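What follows are several structures.
Heads up, the next two complexes both have chain A, just with different partners, chain B and then chain C.
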Partner chain A sequence: MSQSYNRGLIEDFGRWKEFSAGMWAWIFHKFTGWMLIGYLFTHIAVLSSSLTSPEAYTTTIQGLESLFIIRVLEVGLLAVAVFHILNGIRLLMVDLGVGLEAQDKSFYASLIITGVIVVASVPTFLDGVTF
Partner chain B sequence: MAERYSSFTPGGTGWLLQRLTAAFLIVVLAFHFFLLHFVNHAADVTFAATQARMENVGYFLTMVLFLVTAAFHGVNGVYNALVNQGLTGTRKKVVFAVLTLAGLALVAQGTYVALVMAGWM
Partner chain C sequence: MSTQRQKQPDEPETQEAPTDQEMKAEASPQQKRLQRKREQQSAREASADEGEPEEETVHLKVFRYDPEVADKQEPRFDDFHVPFEKGMTVLDAVMYARDHFDSSLTFRHSCRQAVCGSDAFFVNGKQRLGCKTQISDLSQPIRVEPLPHQEVVKDLVVDMDHFYEQMHAVEPYFQSEDLPQGELEEQRQSRENREKIKMSSRCIWCGACMSSCNIAAGDNQYLGPAAINKAYKFAMDDREEEEIKEHRLRILEQEHGVWRCQTQFSCTEVCPKDIPLTEHIQELKREAVKKNLKFW
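On to the complex of A and B.
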């Protein structure tokens, strides 16, 4: 049987200074999850402009994409999605009992790879828009 | 033995579905981002280009399945996060009902939008 550790309640955010890597991974996964489901509702709402007319859809998407703040938010969405995907793979592996002893290292790896992918994607996301 | 943090019951249907949808979403979410930000650029999106993609039955079915799995995974995740925070009793039942309705409404609206995009409605 696998060993478990009692680190106390993660929901007690006041003791965040005592949190271990795995607890931060748990909190980041919840936070990015909330962002993603919130975005999904927003995304379908924006795409619903296609119900008005094809022109309304094209104008809405291109109008939003012409805004610098939207491009910045898209980079944020990419960061949130990439971390959730990478940490999600880490969680599936942990569930399967693979690499449990290295779960802290795989959390750090998720953060670093997310950072690299996001930084490398910034030029693509900010292409053709000015502040 | 330490107290379990997760409100999921290991071996339960919700627990299993959350992981099965996760495995599917990892692939499709990455594909979605790649297709609409790197292969095509979001700023260049037009209704005609969207329709050209959505008319493909395989793409349409993938997007609808993407919507259904993402809605389930997200709503189930939110529900379990709230249960973890100590939600119980009547409030738990009300939250479950509201989240279920919101998820179903999201899938219904998104499927309708996809059908209109494909030109089938």
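On to the complex of A and C.
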């Protein structure tokens, strides 16, 4: 070809309205995966306060748990983890070749179940915390 | 509503109806697809019947680019208003625009019946076959663009060289060493095996799947759905020997082979021939694992 025009990536996030279920599932799975990796580091950081002394660990946890924002983030963490687990099961089914024609429905189902679990968990997570 | 189409449902039934019980079980996914298609069709007809004005035009926005014409070097969209006819496809509309308004409008087309696979366009944000897409299914204005992730040569014509290279990379030809005894003997395939590879053999090389795959967009070496599907057709063919199947799997299990697929189902959604591409890719992944992990 003598000359041709490269339009670059068309299928970028600017087209998000046209994404299909499988595409959204992929994006959410990546996103939640990275979130969980990020959480892993904070998790280790908080847990390692117990290396100094048991009291240091207790005060760290109590200090964090008294913060409203931490409680909200915990709800978010639950949402991310539950979706990642459920979509992981969906992907496992896809890998095993089970129910590929229902892959969009199973994605919507995992979204709905995540929503239900998260809403149900809110009273527990926000128990006894003030702004 | 309309009386002329009443007889339609039982017509394909008689053609497809399997005779014995075993075949019935085999044919069920296809029947499901046919069923779905019929439902979509009737829904389409129902919506089309709901009286639209007689003198109707279709508003097309067509991507234009030509490196050899000064004012088309910068890509732009041209508007065409084409008179609508019942049953008009996107290809019919762009052909009308070319024949009546602008003869320099360039696009590939040949058979006009979804067999040659040359008129895959990016229509309203989705890879579709122009000749298989009804205007009445689309919201207007209809944006007709060349396939994404391929370089545009002119107007709606994209450079397909890379796609063909990937298709040829999987050795898409039957290569059994084992010739039948007699001179006039044929290499027969069992009915079950034929059913297994039936869907994969429907590929028309239109490139819609490759264009829709955003893994293929980011990784130029990735074989892509169409090529893997082609490999599936031959790898699953029982008439080829085990060594040849292993050779095929060796090609597929490389870094840029089946493992690049991240099951976004984009290819399966856009395939104009309804090939379950993701299913085939997943099956080849399992075959590749089975070849390398032998516990028995």
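Just so it is clear, the second predicted complex is superposed on the first by the 120 of 131 C-alpha atoms of A that agree within 3 Å, B and C clash if a C-alpha of one lies under 4 Å from a C-alpha of the other, contacts with A are read in each partner's own complex, and residues count from 1 in each chain.
Here is the rule we use: contacts are C-beta pairs under 8 Å (C-beta built on N, C-alpha and C of every residue); 3 or more make two chains touch, one makes a residue touch a chain.
Keep in mind it's a predicted model, so treat the numbers as computed, not measured.
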| item | value |
| --- | --- |
| Contacts of A:40 with chain B and chain C, given as first, second, both or neither | first |
| Partner chain in contact with A:18 - chain B first, chain C second, else both or neither | second |
| Partner chain(s) touched by A:26 [first = chain B, second = chain C, both, neither] | both |
| Which partner, chain B or chain C, touches more chain A residues | B |
| Which of chain B and chain C A:100 touches, first, second, both or neither | second |
| Contacts of A:129 with chain B and chain C, given as first, second, both or neither | first |
| Doubly contacted chain A residues - partners chain C and chain B | 4-7, 10-11, 26, 91, 95 |
| Complex interface listing, chain B residues touching chain A | 1-3, 5, 19, 22-23, 25-26, 29-30, 33, 37-38, 41-43, 45-48, 50-51, 67, 70-71, 74-75, 77-78, 81, 84-86, 102, 106, 109-110, 112-113, 116-117 |
| For the chain A and chain C complex, residues of the former touching the latter | 1-7, 9-11, 15, 18, 20-23, 25-26, 91, 94-97, 100-101, 103-104 |
| Touching residues (chain side chain A, partner chain B) in the complex | 4-7, 10-11, 26, 30, 33-34, 36-37, 40-41, 44, 47-48, 50-51, 54-55, 57-58, 61-62, 65-66, 74, 78, 81, 85, 88-89, 91-92, 95, 121, 124-125, 127-129 |
| Residues of chain C touching chain A in the complex | 29, 32, 65, 67-68, 75, 122, 125-126, 145, 148-149, 151-153, 159, 161, 212, 214, 217, 262-266, 268-269, 276, 278-279, 282-283, 285-286 |
